[in-house]
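See below for the structure under consideration.
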Amino acid sequence: MKENEKKYIEISPEKQVLFHNHVDECIGTGRMGLALQKEYQEQLKLVQDKIGFRHIRGHGLLCDDMAIYQESFEGGKRIVEYNFTYLDMVMDHYRKLHLKPFLELGFMPDSLASGRQTVFYWKGNVTPPKSYEDWKKLVIAVLKHLMERYGREEVVTWPVEVWNEPNLSCFWKDADMAEYFKLFQETYLAIKELDEGFKVGGPAICGVDDENWIYSFLTFCREQHLKPDFITRHHYTISEPEQVGHYGYAQLSPSEEGFANLHTTREIMDSFPEFKGLAIHITEFNTAYIPNCPLHDTNRNAAYIAEQLSRLGDDNESYSYWTFGDIFEEKGVPFTPFHGGFGLVANGCIPKPTFWSFVFFKRLKEKDGHCVFRDKNAVVIRLYDGSYRGVLFHSTENKNTGSGYVELIFQWEAEREEYCLLTECVDEETCNPLKIWHDMGEPASLSEKQLQILRDGARPFLCTQKQYSEERKLETKFLLKENAVIYF
Amino acid sequence: MKENEKKYIEISPEKQVLFHNHVDECIGTGRMGLALQKEYQEQLKLVQDKIGFRHIRGHGLLCDDMAIYQESFEGGKRIVEYNFTYLDMVMDHYRKLHLKPFLELGFMPDSLASGRQTVFYWKGNVTPPKSYEDWKKLVIAVLKHLMERYGREEVVTWPVEVWNEPNLSCFWKDADMAEYFKLFQETYLAIKELDEGFKVGGPAICGVDDENWIYSFLTFCREQHLKPDFITRHHYTISEPEQVGHYGYAQLSPSEEGFANLHTTREIMDSFPEFKGLAIHITEFNTAYIPNCPLHDTNRNAAYIAEQLSRLGDDNESYSYWTFGDIFEEKGVPFTPFHGGFGLVANGCIPKPTFWSFVFFKRLKEKDGHCVFRDKNAVVIRLYDGSYRGVLFHSTENKNTGSGYVELIFQWEAEREEYCLLTECVDEETCNPLKIWHDMGEPASLSEKQLQILRDGARPFLCTQKQYSEERKLETKFLLKENAVIYF
Amino acid sequence: MKENEKKYIEISPEKQVLFHNHVDECIGTGRMGLALQKEYQEQLKLVQDKIGFRHIRGHGLLCDDMAIYQESFEGGKRIVEYNFTYLDMVMDHYRKLHLKPFLELGFMPDSLASGRQTVFYWKGNVTPPKSYEDWKKLVIAVLKHLMERYGREEVVTWPVEVWNEPNLSCFWKDADMAEYFKLFQETYLAIKELDEGFKVGGPAICGVDDENWIYSFLTFCREQHLKPDFITRHHYTISEPEQVGHYGYAQLSPSEEGFANLHTTREIMDSFPEFKGLAIHITEFNTAYIPNCPLHDTNRNAAYIAEQLSRLGDDNESYSYWTFGDIFEEKGVPFTPFHGGFGLVANGCIPKPTFWSFVFFKRLKEKDGHCVFRDKNAVVIRLYDGSYRGVLFHSTENKNTGSGYVELIFQWEAEREEYCLLTECVDEETCNPLKIWHDMGEPASLSEKQLQILRDGARPFLCTQKQYSEERKLETKFLLKENAVIYF
Amino acid sequence: MKENEKKYIEISPEKQVLFHNHVDECIGTGRMGLALQKEYQEQLKLVQDKIGFRHIRGHGLLCDDMAIYQESFEGGKRIVEYNFTYLDMVMDHYRKLHLKPFLELGFMPDSLASGRQTVFYWKGNVTPPKSYEDWKKLVIAVLKHLMERYGREEVVTWPVEVWNEPNLSCFWKDADMAEYFKLFQETYLAIKELDEGFKVGGPAICGVDDENWIYSFLTFCREQHLKPDFITRHHYTISEPEQVGHYGYAQLSPSEEGFANLHTTREIMDSFPEFKGLAIHITEFNTAYIPNCPLHDTNRNAAYIAEQLSRLGDDNESYSYWTFGDIFEEKGVPFTPFHGGFGLVANGCIPKPTFWSFVFFKRLKEKDGHCVFRDKNAVVIRLYDGSYRGVLFHSTENKNTGSGYVELIFQWEAEREEYCLLTECVDEETCNPLKIWHDMGEPASLSEKQLQILRDGARPFLCTQKQYSEERKLETKFLLKENAVIYF
């Protein structure tokens, strides 16, 4: 929208507009080992209470802090044992929150690794296994244990993804494509031998050299007669960030560029007859791909992500926002509650504006209905009971274009009828905890009182209005401030 | 304030303004028997978590639903027993919420009563005891039991008030003054005989014929050499309500009238040398004295009460808002969540605007500080650490005068300094759950979702701003909408 | 069992023994109005957490403390309104605990009643309606409201029972059979007209003149072409109690007498071809029918009820223990935590021994299995996974016969196998809170510490043992002390 | 006690026996970083709810997983920052549980360390700082931050201990005494310069070469004019353990040997006039010093520790059981819930028998009273209200001596009086969760149901009895099974 632009949108109740809303299919998380933490669990509980995702995906399932793979030597003999103490705690917790894991197999336990290269502050080993046999035994032991504890019927509904971003050399030694394909093949076959019911996929790449990787991966699968159950990739939408002190500042890319890039994946897949229509899961997406980008905490992010949520379902079965919370250590432990972390929720259980974009899109799914309108600023759903719900958003990307106006004109059955318009508004004035934190002087250690103020200031502004239809029309005006997201 | 009036207020940090803030001394409640209810307890918990009163006072301690006084006959012989099962439950609950009871002795157990006259839907017997001996035994038994259970040291800090509004014939048969004085004397002496440490007071009158009653009561005490530990009265500030359907509509009286009336009590008391300076407890106050006056649920009420809270401490040791919540049955069980009940909190644990007036005044007491300004629209406190807190209010009583502006000009030590202004605003647009409920169509039975919307719409609007002092002055502007109450 | 008797029981895994375990179908409650209380809700939560009933039934749905029926006069005109504030609170709470009401229609709102006769301390009016039209409007208004709030599909699964014990003149004026039949017919037809889906039954009689009532009721239904959906009656098993002070002492009747009495109801029904096999719901059962019979709090009661639970399913679709807890006011408010109340749980959330009889029988239903043995002392279930569960009980009724021994000899597949025997024992030494309370000196007001001791002493004694099968047999000995109930 | 020995103990109410009960002064914990975990926090909550310690002490405050010390390089310049995010979370949590930290300064952040030597699975660096200046800056930064966040008055009540067990080369490079003394001196002086109010102590040694270390440390302090505020040491009481698989098996040492060893510390200190009577804090004690010794989980341990609790106060101001719970990673993550960990509580929040020894001794302190008897099997306290409390214990150390009997003969004022004897018994039959776990087949992953069984089987057996005094004596017999601990 341009400054002060006024949009008039006519809504006809019969119209059926395509809209795949997978807002709640999957959510990202910091590494598994962090799932033992109290604050992690509280943030996830908040997210589940208010949004309610179905799956959760993160790194580090097999890393040493989860302590699963245990190698010891007794009398010169190597003994391998599997320790499921922490795995059980993590999975029990997820299940209590009605979450199924989207299992990402990685990274490499140190004593099983062929090299010493690691990634992140928490030092995930990113080298291939020194023994593929031992790797497969580990994977199978984990899956078997999960089946024993949670039941076979349940566990086969947990998707399995092989590794993470092997197309980057920081995540997979030398970004060695052939080695990754071997890892995939060995793992895929071992799991299918254990139980055909498991759904296994890859290659979990990010948007670097992605066309080549997707094409090569599918070609490899075709040649080896492998049938991956789904394809996974990631989706970030910023320019190269500039590092200043603790923070990395970045510009948003035009959203159309990103959607186009995603669509090529769809097209490449559909060019293989045997993989045509195969599910794509975006197992990570966000604006910036660094956990210290102030953009993440802003209303700008919320509006941009709202647009993403309105369109990512067009080509993809799921899209997993990276991540639910700010208990996250990839670049070390954050110094301050707001620090540009990936989370929907800041440390201290403070919802960020983007949190509400998810809440609002989730509400569009709560009751049966169909989409009657969708464009760059609005999604409108008509419920089975004749009422409407919608989300309006005004993503200005990198520009500052000021406010716009949207007027929705509903065709109405009754000549004149009273109804109640409820709106919840998230914009820079009504729901902007980052600003409050700045105004407070950016305290690193929050007092109970400061925390309460930040939480109080992190809620949408709710208001109601009585309105009346006239001449079988009902006109409703909305002021859409810059980077606003409004639910009605 | 008049429409669009602008007030400029200069604040000097050294100034010491008299201000007795007893906002949290005492709160009213529906009859004791209702304290067993879950919803009652949840509302009271909300009130205590957010405000935190020290005492609680209500009717019905001795009424039959509390089941304390038990008379039976065995072989023609009368047996009197005392049953403390429910009393313990109620008192345990209060203590868990850090509340001390302000014990009101009344009304009369049926089998101890001299007549059948009752008051309220719940039928409290308002006749004198048929035996003063049995009455005193009952009172003493109750106090003794409380001392055994909660410790003598604790229980003597619970004030004891004899009866309720004996100056109205609906609360005390024939409003018989001599009989009440007898009741007071008998009770007073019995309690003092049990333990001198108890504080006992009366006459708990409302504002009808109040000068006569106060004068006569003190005269009686003088003659009988009784030394009541405090004097109690009530304070309501509306015109005669007009009943329409379930509701009674009333006009607010000018607040000055009420303050003047209260001051006569003070003056009468001070005219008795032996009672000069004796504490006055307003054991009930509110705007309307009926539990079905829509005014109670409005922002108008909140602003009017804010002014009350700024001034009632001038003459009185405590003033107990009648009541904390809407679990209340004097006119029967309410049909709808909003119905003009007395409560700070509506059924469903929805805070009403007036709730926040109490929250804000309580915050003025949280840290050491002194009052630097007080008038009809503002109270400002300077804390020991040099920061300020205040409450602004724009009570329009029965008029509609539109918005006003207040500008506070603080003398500031530093030439130029940044500071953070935090405001929380309760006005008809930002925090008006009654309006939301009207807009919703006034549902009698709330769904979980409706309840959540009402609670979400019943919070102050919080915002922060960075400001700067200039030339040792710091100027802060506030827009005070009609009936607004603002905390900063 | 006789003193020191030893019973040897051979258990063959293939044997299929008839056993209808409806232990958790329904539970009784004090009057609806009490369901608003916090302590009531806590007791019910404990019961649901540990046992988990499906339905709940109690008196007083339409009584004045629920405040549903509201009659007023305006300008000489009678106005009837229905107030669902408390009804919603009660039903919301039940549903949160996964309970469906078993709706008992009664007693009569005062202003709808034809007379002034009441029952109980809490004064339920037991006279016929002065207008059957108004009665039916009330019933239909309540059901319609419930359907609106909770959904038609849900609410028609809530059985509806017309009145309570009309065969006693204290519950129904003059125990007037013809008037009751009229009430039933009018109510039945009105409800079926509202929605055919409702299940409606009666006559809710107790065991006084019961054969005559059942026979006459069915005859009436036949003549009027009414098809009740189920038949209800009550079942108590003591001799006439003797009143001493606050308590009524009673002797247990031989359990066989009771089962025989119940069976006559079955036989009478089956003698009507059109009612043959129609469901019988025992909408109340217990040992004593008075709420102040110390028997209720004993281990003797637990063992007797265990036998009831092993057999009541033979002729009846459900049997609702009267009642879940001791918040109950039929004879007034109890003076002490233990007072012979009906409840499975004493005030203060202390489980009585009989509570565990229900817990243990419920566990027999938790996993798929079939009954392999049932007699006067034992029920044994073989689970689908090959393990066994059982309840042993040694009801001595009114005698004191000392301990007995039971030895279970399981046929076992494996020649020699280790297994773990887990037992939980409730007898007079291991789980007897009443004795602890007596030992403590029978305090009326419990301190926190006393309460904790009583709760700690009210749990079964759990122990485990390793055992081994030998020669395809596994022999397990149990010492059954007097009035013991043991789960394994 | 010998087998079947009967002890008769006469109790005179006036007798005053010396008994310093510091059971609740301090408790040990796994490394600070683990305090972020949910399970850790739940176990600690259980311990605080039931026992309630005042201080908590553990390793790893300054280790890298707490992320406090942050060194980075920008343009070749070294930047040191301090990150208090996790420190605040840990300390906030302790304070919520009413715990003050007993601060142990250690181990060395990697980038501040002079070497690479580490201890434990979690790799605490045990080398001296490469710069004592940077070390002191770190210590001071931490203490200053704590003072800002929690208030100076509070934080100076948190004792500060310098390092851990420097007399072992695995905890301090080469067990270099001179280097440790330097560390102590530098640290001590820096802290005292920050605020004289801090209490600083050392040398935190274990029982290896302890006389030499204590003597040398005090000599060093004398020479350097340092005045440590207290002396710390550790206390373990087993023979060398034998490693078999995951477990280390050990024999208990005679308790007298340990008490004698502790007493030499007292004597050495008292031989220095300036340190005579200076407080000794045992900052760790337990039976075995390894976290995989099955002894820890037994009733044998509980009885042995009960004796410790009865005597450790003779020479020491506090004695901190190592540790409260089994979230502990020094030898890696445990494979099973019971694994011989140090904790009072096993993973899954299952109290071990030793937990109850602490509960029982804590109860001896709850009300004012004085000790009237103390020996190897009993401590008896007379409360101010005339009642008695006591703990009986029958520690058989490494022998199996069977049961004993104790008869307490109280002098009683009243000729004949009824009273209630309450006992809670923890022995191998009544409260032995380890046995239950063995009987269950030692499951590594517990189901919800197994967990519940273990918790149910981990409670003392409570019973009450009525007893009567005769001829001014009251005789009470107790059967003390092997390794029993009984509270009355």
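All chains are identified by letter, namely A, B, C and D, in their written order; residue positions are counted from 1 within each chain.
The rule is simple: a contact is a pair of C-beta atoms (placed from the backbone, for glycine too) under 8 Å apart; a residue touches a chain by one contact, two chains touch by 3 or more.
As the structure is a prediction and not an experimental result, all values here were calculated from the model.
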Mutual neighbours - chains that touch chain A and chain D alike: none
Rounded Å distance between chain A and chain C, as computed from the means of their C-alpha atoms: 50
Where chain B and chain C are represented by their mean Cα positions, the distance between them in whole Å: 45
Chain A, residues touching no fewer than two other chains: none
Chain contact graph, described as a line, ring, star, complete graph or other shape: ring
Sites on chain A touched by chain B in the complex: 420, 422, 424, 429-430, 435-436, 438-441, 453, 456-457, 459-466
Interface residues, chain B side, partner chain C - complex: 36-39, 41, 67, 70, 81, 83-86, 88-89, 93, 145, 148-149, 332-336, 347, 444-445
